[in-house]
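Just below sit the structures, each encoded as structure tokens.
One chain, chain A, appears in both complexes that follow, with chain B as partner in the first and chain C in the second.
Presenting the complex of A and B:
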């Protein structure tokens, strides 16, 4: 069990973990990733799954993302998503 | 590749579907779909209109429903033919009559008995099969598939695969494909459509929040994950289902087998009247009228005889004897209620003190006057028969409205259910729809706008279309500055989209439908909000389109007052007043009318009518004056 540090919990003390990381990616004509360029170019062998989230459209910053679970030729797996509001790709570790 | 969409919710999936029938069908036609199935949640409220619109747009429509099974599981049913449609109606009726009133649930045990003519798709992610697959309970999934194959047969059962880009869809579809392969079952791809275009997903989110009486922030779990539940271009479908192309082609095979045309295949028959032995309905009606004519007029005068002859000629021509006798039966039931409530004297003939009052063109019928449908003597007022019974053609049966005192009407509805059984006599449904006030209240809450301001706005706006919200806010000093601000802007746009959307199925105040064939074979029937009442899932327009005969039992408070007055007169004087024989030339009454002393008197108490300050010369002239105001 983690010991009680005695500190008062407030928003400033919260540290977000597993934040998505901005990456560069190559896409095909349908907008799906074919290669991830960050930190080095890795060709995607298969997109094993994809899913989309559209939410919070009533807020200042709506959420609209297309997620892809990709498999590289190396056998490594990764989840990336395209933010459909700004067009950027992000890596999301799970 | 051509495609037929077999799973589509319209706005008749109350607070879930976010597009109208017309929007869905027009879009499906534009996208080149071969067919579109309507599969609303546990109802066929839109089925008749859907069938009509498919005809006008020349696209194949398939009638179905997504029924809720015990445990909350969903199952998609499609009617192949009129037998399948009948079974669909019965199953939906059973679902509504077994669960809680607003939470229909069908016991799957009822499926095998009503399986004929139906095609079953295993259902959306909320189906039992999908839940078993998601829970990796393969053995139970296999057993369930076997069970449905046994009930419906291999040719009528498909595993339903949906790809709405929701996390889990892909893995579920792969598992379903493996199961299909293993068990030799075919798959069908469907879109689980909830709106015709992607942009409508925001309204759909709001509808879900409204259904749960919460706002958008509080309904993350209940709302759909994304905006992918629209009618897709066929090319998109080819990509989404590229692993299972046969699931797409199977949609066409299913559509080709669904040949039901609701505008043609209904089997509605108005009840035959069981005439007493040795009589036909015509002869019996003539007998009833002759007897009553003697009571009414002292004898069958040449004038009465000529009019009856004319009317019976038309009754025979249009085969209306059974129809009129059925009304007579209803009036007799009303009379029973009246006697039980102590509102009439059993020694009086029915036509002397009928329980209801006819109105409109039907009072021109002497037969109606003689069998208790009306208290107005059409001969005395020289009423033309032509408006009620045109002598040349008649496209539908004539409309007869009956007004009753409230207390009689309430009991009469229950008694009519009992007399013919609720499977044969039900209340007409009515669909409440969104207008501006309801749209502001519900959407405002869903969007999380300040409750007090939403309340103020809904009270400030005038009744009318929700499409006019922006104009109404423009006129309000309090709200005009909010028109282009975040969220209020959404409210205006969404209210525009929501205008005219159905809210719920209610019951018509008094319209009843009678049928010889069980009505539950033609339209699903559900319990009404008031105990003992049963309502069909069609509103008056669908009922008209279906050619049903609707009898309107309308309640008039004024009639209740008059009935009470008559009883008070009887109690205090011992006299029974025949309201059809009161003196229409009573000068004291005309003086009262001319003096504007009419507050509390039905139809003549409004300000313009009270302003007619000259005593009318006669009842007929007064009627003419009143009808012009």
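Presenting the complex of A and C:
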């Protein structure tokens, strides 16, 4: 990480980091994921943690997400979330 | 200080007759564009009642059958530059006041020109007779200008030594170099001549016109303290070309500019020096004229870095129409800035890296290397916490 030099940031030249990526997922009756289908079908062994964030309710597009930290059978860990406004699943580092 | 004013009346029209002698004797109006407005730049001497900067429509309402010519400003400036260069052979103090008007300082020339007539003769020889030059010699720029403007036709010069007040008192207020609305205001007050203005005390004029009121009174009395600003001679490099076919394509224009820059950088006089400022102009089909200047924070030492800046300029300020001629005038030449490098190799490596990143940016025209910056590290929304900012903002 570069130390903050205190220079004024120019908003026009900033690019986002860690944008969410759309994925396909299977979910159970309670809405929790059971398998991730992108790029290939991977069954979720356990959901290690889950949390919900609701923010910016005053905007036209509020942020309402249900995050799940999942562990696959292969030992790989991933953080995915379901966007509660459009129902889509995304993966994102947290 | 004694100053000589050289006036070349209808200079632009005379320049046009050099290339097109057939327009002599025909009523002609030379026009130029300023924004969306077309104004009169100059006109043939037989068209009475016209003034420079008059709207073209107004001029055509008087002389609807006059020939219309689009002004070729680079050509007129080039011809006037030659004349100024010839005048500088007579005196080192030459001020370029306007197209067709110059002031010459006479300080220190007594050993070369023992009297005024020999000086006037030398100056008139420097100006081609085709332009019908008029000269005026007086103390101060404004009196010298008036002396030239009202010089007798048989001699084409006037020397004002004594009798300045008598000469000025009958002249109209319209000769004053002030705003048009102030001239109209003077006439409304019944002040039509410089003599009437000179007779007033400074208070009422300043109360009505502010600081310009004092200037009006001083000028009406023949007192002009404005100093002479002689031309600053700096080395210029000029290159221009005519395109083989009229084009609107940016790529074609850039290829032509690259060719001009190749000629510039191949000159022996430029060896080891870079470009600090340049002036680019284009003349389009229909004589539409476009010009812009560029300054470089550090001297551009090669064609590539110069061309990338010109490309950005051409993209930000598109051409008004198809382009026929392109020219470059390099007005600032300088050596590369010296930089003290660090003794430590790690710091030097960092400097090399930053320099390479900067060159990449100049070549591709947009930032290529970014660094991660904290924006809202406390945010619950992950994509809001950090952002990528260009390494060289």
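Note that in this section the second predicted complex is superposed on the first by the 84 of 94 C-alpha atoms of A that agree within 3 Å, B and C clash if a C-alpha of one lies under 4 Å from a C-alpha of the other, contacts with A are read in each partner's own complex, and residues count from 1 in each chain.
Simple rule for what comes next: contacts are C-beta pairs under 8 Å (C-beta built on N, C-alpha and C of every residue); 3 or more make two chains touch, one makes a residue touch a chain.
Since we're looking at a predicted model, the values are computed, not measured.
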### Which partner, chain B or chain C, touches more chain A residues
C
### Message
Looking at A:58, would you say it contacts chain B, chain C, both, or neither? Reply first, second, both or neither.
### Response
first
### Task
Look at A:93 in the shared chain and tell me whether it touches chain B only, chain C only, both, or neither; answer first, second, both or neither.
second
### Query
Touch check for A:38: first (chain B), second (chain C), both, or neither?
neither
### Message
Looking at A:50, would you say it contacts chain B, chain C, both, or neither? Reply first, second, both or neither.
### Response
first
### Task
Go through the superposed model and pick first if A:30 touches only chain B, second if only chain C, both, or neither.
first
### Query
Across the two complexes, what residues of chain A are contacted by chain B and by chain C?
53, 55
### Message
Applying the document's contact rule, which stretches of chain C touch chain A when the two form their complex?
### Response
367, 370-375, 380-383, 385-390, 393
### Message
Considering only the defined contacts, which chain A positions touch chain B in the complex?
### Response
30, 48-55, 57-58, 60, 66-67
### Task
Spell out the part of chain B that touches chain A in their complex, as residue ranges.
165-171, 201-202, 205, 216, 220, 223, 225-228, 239, 447-448, 486-487, 490
### Task
Mind listing the chain A positions that touch chain C in their complex?
1-2, 4, 7, 9-10, 13-20, 53, 55, 63, 92-94
